[in-house]
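One structure coming up, written as structure tokens, with questions to follow.
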Amino acid sequence: MSEKPILRIKDLDVRYYTDAGIVRANNQINLELKPGERVGLVGESGSGKSTLALAILRMIKPPGTIAGGEIWLDDIELTRLSEERMRQIRGKDISMVPQGAMNSLNPVMRIKDQIIDTMIDHDLGLSRAEMEELAIEALRATELDPKVGNMYPHELSGGMKQRACIAISVAMNPKVIIADEPTSALDVITQRQVMETLGRLQERLGSAIILIGHDMGLMAQFVDRIAVMYAGWMMELGKIEDVFTNPLNPYTQLLISSLPLLDRRGEFSGIPGITPPLTDLPPGCVFNDRCPQAMAVCRTAMPPLREHEPEHLAACYLYENGIKVTEERHDEAVRAQ
Amino acid sequence: MNQLLSILQYLRRNKSLALGLGILVFLTLFTVVGLQFIDRKVDPYPLAAPASIPPTLSYCPRTEPDCPNPKAYPFGTDAQGRDLFAVAVTGTWMTLQIGFLAGGIGLVVGTFLGFTSAFYGGLYDAVIRLSVDVLLTVPGLLVLVVIASSLGDKNITVTGMGLIISLLAWRGPARVIRSQVLSMRERSYVMMARLNGMSNMAIIFKEMMPNLLPYLGASLVSAVTSAIFASMGLAALGLGPLREPTLGVTIYWVINQSAFLRGLWWWGAVPITIVALVFVMLFLISIGLDELANPRVRRAR
Amino acid sequence: MRYSWSFVLRRFGQLLLVVWAAATLNFFIPKLTPRNPLREKLLAEATRSGYIAPGFEEMVQAYETKFGLDRPLWQQYLTYLGDVVRGDLGYSIANYPKTVWELILEGLPWTIGLLLTTTLLAFLIGSLLGALMAWPKASHWFRYILPSLLIFGAIPAYVIALTLIYFVAFRWKLVPLGGGYSIGSTPSLTMSFILDVLHHSILPALALVLAGAGGWAIGMRGMMVTVQGEDYMTFAEAKGLKEWRLFLKYGVRNALLPQVTSLALALSFIVSGSVLVELVMGYPGLGTLLARSINQLDYFMIYGIVFVIVVAIAVTMFIMDMIYPLLDPRISYERH
Amino acid sequence: MTKLLELNNVTKVFKGGTVALDDISFSVDAASPSVIAVAGESGSGKSTLGLITLGFLEPTKGTVLYKGQDIHKLRGEAQFAFRKEVQAIFQDPFAVYNPFYKVDHLFYEAIKNFKLANSKDEAQRLIVEALESVGLRPDETLGRFPHQLSGGQRQRLVVARALLLQPQLLVADEPVSMVDASLRATILKSLRKLNDEYKITILYITHDLTTAYHVSDYIMILYKGSVMEAGDVESVIRDPKHPYTQLLIDSIPWPDLQRTWGQKEIIIPDGTEVIGKGCKFASRCPHVMSICREARPPLYFPNGESRVAACYLYEGQPTLSRDDVGDLFATVAHKQAAPVAAD
Amino acid sequence: GGGQTAAPAAAPSGGEAAGGAAAPAEGAAQRLKDVPRERTLIVMWAGTDGQFTDVGLANGYATGSKNGHRAVLGAFEPLFYYSAFADEVIPWLATDAQYNDDYTELTVKIREGVEWSDGTPFTANDVAFTLQMLKDNEPFLRDSTAIKAWVESTEVVDDLTVVIKFYEPRPRFLFDKLYGKFDTGIWWVPAHIFKDVDEIQGFGFYDLEKGWPVVTGPYNVVDWTPQQQTMDRRDDWWAAKIGFAELPEIERIIVIPWTSEERASQLMILNEIDSSLDLRATTISQVVAQNPAVITHTGRELPYGYIDWWPTSFWFNCDEPPFNDPNVRWAVSYTIDRQQMLDVALEGSGILTELPFPYYPPLMPYIEATKPLLEQYPTNEHNLDKAAERMRAAGYEKDSEGFWVKDGQRVEASIVGGAIFNDIGPVLAEQLRRGGFEAEYITPADAGTRRSDGTAKISLFGHGGSIADPFDTLDMYTSKYYRPTGEPAQFFSRYRNPEYDAILEEMASMRPDPDDPQYMDLYLAAIEIYLRDLIDCPIQQWLHRIPMNTTYWTNWPTQDNNYVNGAFWHQTVGLILHNLKATQA
């Protein structure tokens, strides 16, 4: 894994300045993405997943703003680009497969035209006929009938709409695809179809993909690495096998144990308590008030995301260089500071 | 206290509402304080003052050199000797009275019909819908002329004017609210209310109505606006309480007596400014309420 | 074809029903007054010369018989229905022997020319302004200066018209002082005459557009705010579309749809809606004609104009229903 | 055996011509309250079934009986009792709250209308009890507006409300699909509790077979408004017989690195299928036979097990006669106890 | 101003304008010759709200037309012109008219050489035909009721002589019907065309192809749309041919429809128009001030107008309480302050009147003779004490709010007005209000009906009666016009007094002559009753304040050049047209 990352997010902070206070939606997010890699981003509702996606595309709208950090696409730093340069990158270099495909297509435009629009605005220098050709190709690539190009969104089923969205997103051969809950509104069969299509295309194009969702099952089936978010912070990041078999952060542990499995019928174990509001986080680790293993140190500051095992990072005071530590040692450490 | 603070905080963000309410406060203060300086029964009517005096803060009638009883006409007087300051002070309220009466009744009736028709559907709905469509074709002027000619030898009163305008003012709201309710009827909480054993009327009034409140508020503003427009239009056609110093009637006299040509610019400027102010106020409040009512804006909590 | 013939037929039947009901209602309303339009008319004529000739009452009665106004109401109603079906709107009482059609046709071109155009212009301009007001990336100029221009929407059109006339036409002499065309020119299909007409329509058009655009802007602003929250706007932006395309093809295009329905309604009010502006401008439109007919209680004129309005409204609505599916592909009347 | 709910040949055709339900019959036994899952892909008619059961929709054909009485003919007292005894939980835990009121409104209205309490205190006590039994802290939830609560809290409040009303039948339409993974378990647990402790029969509508598997006793798989397979949840999920069910289960993304999805190919229909004749799934079925396009398959008991499948692959096996479809779950339950031979 | 050229470029040829249609007539532009502005007279009147609704109704007897000569300005001529101001009769289409001794026959001599515009001679036959037509079409046509009641027959002696025979002595027929003055006088129709018309009142008489209307006057209409009516000079006019009169200098007359005073004033100030309907006292002063070229009857001095035959009064319904009591009527009169009305509403520019007569020279002897009576009955006095006295006499007391009450009833004194009284109306109402009457000024759309059926208890209205003879106005108060309230009455005082009726009956049969002491005594007896009972309450003289623009035309009728009254919409318009001289020769 010596390949150069295509996308690097460094210490990204995103804030929404609302009446109720400052929403710290993304805090110190660090993530690297290599070409062809599939990274999953999970976390409960409101944990800042979509915000991260929008931040990468620099589409955070007021009252939100990127408050700090850097986003590198290859050698370009996105947060400092002009709006026009950024626009050219959107859709072409970084594209998005939207959440809820149901409403993501312009209801009064034919599918084909919605694909072509992207091409026109990225100045490919193609003739109309050539672009139509490309659009049809994009549809074919997503296993849609070319006829679909002449249809309006409402004439398509949910799965077809989602494919159409994918067709639009990949039409420009992007280097990074961000898929924000692309299938959460679909039933399992359609979901599988769509995800298979997306996976195939991604492999063909060699793009990196960030899959956002809260369905751990889907993640298990699709991604190579997974990042777990909680209340705007990244709690754990690692290979999917590592995270599933050996979750480090207690939050991840609880999350995984609450998953329905075939051989555990009728057992339900949720995570007690509720997520704190992002405007009013508890001091220390954001999870400390729900964490069964919380220690005194956990109430001091948010632990940084550190590599505790090879390519397995976690933000938790329970570990030091991959070794689980006891509370006493921590207290010592705190005292030492 | 806390609540007041949060309201103020909200107003800081919702600038239109704040500005609109600001104008409202200003107009209220202006008229309420103004009332102390005038004789409400005399000053806004003809012959209360020397005619055609430009705005002046210190006025002495030319006829009396030593000026024993100086009276100022800060807004001037009109050609019939109304004190335009008194007109402004009393007329604003009269105008709003017409507007709110007509707009209010129009909205209440319209809301009731809109609600029931959308909620019960069927033949009732069809009848209401058809009636509204048909009634929409009746020229308002025609109705007014018919009423005016059966009115006897008095002018329409301010209240009467409001009532007459309200006769036709319900058509629009009925139409619009019906479609609002139609979409609302499918909401889950309406189903939930039924599961709670609530009656149809209870559902309409307790569940649906409150949620339309911001919307109704906005509609009230627009209903009031159109009612004031209507009253001014009718006054401009000479069908109104010609003696009463409502803003519409004042504008009627301005036009009728060629005030601009005669150089009596203040005669027109006073009512037009206030009308514009009133409308800007309603307009801003309406935009503000709109924002308040828009769930997408609210969601950002 | 997005709709079936049976739908068109049903919709057409509905149209006829509305026209009939509206025509009936408008037949009876003016009959509610105790006034005698003939006496009013003849009196008005007589007092113009300051002189009421003897035999006046006999004249009134003779005319009543002549116009059939002395017959029972139901007979008058049936006659009226029959005439209307044949397209015969009869004579104007106040302008006999001029027919209602003659008078309507005299006013119609002006009404259509001015009011139709200004209503559409106000719609377009207002909608565009409203959209820009809600567009976060639009220049601040739009968001702060234009709303203040919208204050014009707060002043009745005829007051705007009056003020405009006073300054622009009378004091500064930039445009003609009202009227449909220059005094001394004769209507003809020549360039110079058409330009003359356009020149004369600048002020009334300006007044109507200024007064009307505000309302559209408010509506559009609201819709645009809603549309901007839609997922497809986010997705379209993520596609890297250019600003104007995003604005027009994705934003405005969708926000405009609900406005179109209101436009249909607004179009149907152009006749009755602008009476005062026509009056102030000395513009020879149908609105003035209607207002006067109502004042004179010229039954046949009222019936005629209202009937034309009703048909216009019904037909506009019908046409709107028919073209709406073309504007909004989601609407379809295929199966119902 | 008294029937709590009975659907007889219910068909629902919507205005646009969509056949949402096609001749559905089943019944629920009053004596043994169970959780019955209704599953199927989007648009298969699940919600329609729920709404018809609740009496919010009227079937185009067929009847819905509640305790033996047609629910659309109920009047007065009986109607009122039906309203109280048949309750629901909906998918969107936000939309069921009237945003104008605090969440308490939902409880107080119910208590007031159904006269569940004689005093305010008693009402309060009832509410607190209900909240606590779904694991909510009253001081954290009551007196707040819906948007001030998390999705999980909102949904559990609805469950608590159902608990408070103690209905006989609860229609739960996708109660957890909008809730994230960590809360899902908590809510399902509460649902289970309703059935286990309060003996409430639950119609659990979902497209998520994993949760269906976890909470329900029986399951009914719908496809385009028709029953494809039905029976005891353990056998249906662990060993699906109908090709459609097999496909469904194969497509579940289990959070299990060992179980990869997508063993079965998904066939996309070519659009030539004839609607109304034969098996509805024929055009997507990998095992399609000519007979499948001829006539609607009856419900077979494959291998005499405790479930039925509408598929000709099991031709020759005993069938559930049309008249008995109504007793489907009863029969299945019976079979489970003592499988019987074909007739 | 921009854009107002008198004649636009010629249009391509095309068909003729069909009568009345609004569609732009392609032919019109070509048919019309170019006439420079300085040879064009542009006046603004007729029409309402900026529109002519009578396009194509050149027949003055058509119901919707503007009546008689007004349909097409300068096109129709009377037998005699009469100028009240010059007190002069000018024979025109006729040369002479003589009564027999008992006033039962009138012999009219027609001028030789008068021709209709289609070349047909105007003869005695046209006069006889017109009178017969009026008799036959009673009551549809203007004047028809009177003619039917008065005229027994006509006899055409020869082409130039016609004898009109009456049932009874009709000494006023000549003045009333054959003199063209103010707005009265019969309009003569061409017999050769009208004889084929079935329904006179439904006949448009406008078809440029056929040369209709057929007229005798020096102008005929050439273009007519809802926006303007254009009349061009007929150079083959009979009077020029036979040397009776010269062709007028005006080559074209354009009439544009009236909209509002504001617009008329603006157009006047910008020299777009040469004259208009009369303006209000307050506006005309502005027009004069803002355009030095504009003059009025009194030049550029107050009151800018001349007295019309239409003095304004408060008309009462004398048959209904409370105004059936002369005390109350007098109280009203004492309550109003006419001078204040003048000062405030008319900016000081009006003329009050003590009697319901226009102060015209022929009437002055009568008015002088009334002076002593007016000492006793001061109709113009503002005196609240006297008002109170009268009210108490009528049984009224003031209530706490200062209103007169009797039997718990306040005096409802709403004043029915009309647009032309909008200046004085509100002021008068307010004066009454302050004097204790529950008054309001109203302008209902059905004001006419309310006046005529008596539901209006007080109305502001003029008289249109006497010009040279007090009889015409006084006759309006006789009981022959009495109708119970609710029934329409031609004159609406609803005053009944047998004594008064008797006096008027006697006057009716006499030739009016101020020098005849018997006639004068009868007059004084009648006017004393009028004053004693104050049948109506004189307010002001009605002034025609007509702006006249000297930019293009001079020699307008003014008090220094008093050849006729200046209303160009009156029958005497011909005299004005003949007198106007181009300013820019």
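All chains are identified by letter, namely A, B, C, D and E, in their written order; residue positions are counted from 1 within each chain.
The working rule: a contact is a pair of C-beta atoms (placed from the backbone, for glycine too) under 8 Å apart; a residue touches a chain by one contact, two chains touch by 3 or more.
Protein names from UniProt, one per chain: C = ABC transporter permease; D = ABC transporter ATP-binding protein.
It should be emphasised that the depicted structure is a prediction, and the values quoted were computed from it without experimental measurement.
Peer 1: Which other chains touch subunit A while also touching subunit B?
Peer 2: Touches both subunit A and subunit B: C, D.
Peer 1: Average the CA atoms of each chain to get its centre, and name the chain whose centre is farthest from that of subunit D.
Peer 2: E
Peer 1: Need the central chain here, defined by C-alpha centroid distance to the all-chain C-alpha centroid.
Peer 2: If one averages C-alpha positions chain by chain, the most central is C.
Peer 1: Report the inter-centroid distance (CA atoms only) between subunit C and subunit E in whole Å.
Peer 2: 37
Peer 1: Could you put a whole-Å number on the gap between the CA centroids of subunit C and subunit D?
Peer 2: Spacing between the chain centres: roughly 56 Å.
Peer 1: So the centre of each chain is just the mean of its C-alpha atoms; given that, what is the distance between subunit B and subunit C in Å?
Peer 2: Chain centroid spacing, subunit B to subunit C, equals 24 Å.
Peer 1: Please work out the Cα centroid separation of subunit B and subunit D, and write it as a whole number of Å.
Peer 2: 53
Peer 1: Residues of subunit B that contact two or more other chains, please.
Peer 2: Residue numbers touching two or more other chains: 145, 149, 255, 260-261, 301.
Peer 1: Using the touch definition from the top, which residues of subunit C touch two or more other chains?
Peer 2: Within subunit C, residues 33, 35, 162, 166, 280, 291, 295, 297 contact more than one other chain.
Peer 1: What are the residue numbers in subunit E that touch two or more other chains?
Peer 2: 260, 262, 266, 445-446 - these are the residues of subunit E that touch more than one other chain.
Peer 1: Which subunit C residues qualify as touching subunit E in the complex?
Peer 2: Listed in rising order, the residues are 33, 35-36, 39-40, 43-45, 47-60, 62-63, 66, 92, 94-98, 102-103, 105-109, 162, 165-166, 169-170, 173-190, 192-193, 196, 199-200, 278-284, 288-289, 291-292, 295, 297.
Peer 1: Write out the stretch or stretches of subunit D touching subunit B in their complex.
Peer 2: Its residues touching subunit B are 54, 56, 80, 83-84, 87-88, 90, 92, 95-101, 106, 109-110, 113-114, 147.
Peer 1: Which of the residues in subunit D come into contact with subunit A in the complex?
Peer 2: 40-43, 135, 140, 150-153, 180-186, 188-189, 192, 207-211, 213-215, 234, 237-238, 247-248, 251-257, 259-262, 266, 268
Peer 1: Flag every residue of subunit C that touches subunit B in the complex, lowest number first.
Peer 2: Touch residues, subunit C against subunit B: 17-18, 21-22, 25-26, 29-30, 32-35, 150-151, 153-156, 158-159, 162-163, 166, 214, 218, 221-222, 225-226, 229, 265, 268, 272, 275-276, 280, 290-291, 294-295, 297, 302, 306, 309-310, 313.
Peer 1: Quick one: in the complex, what on subunit E touches subunit C?
Peer 2: Touch list, subunit E to subunit C: 1-9, 11-12, 20-26, 28-29, 32, 37, 40, 42, 48-51, 53-57, 62-64, 66-67, 138-140, 142-146, 148-149, 182-184, 199, 201-204, 223, 225-228, 230, 254, 256-257, 259-260, 262-263, 266-267, 269-270, 272-273, 308-310, 445-446, 448-449, 452, 461-464, 488, 490-491.
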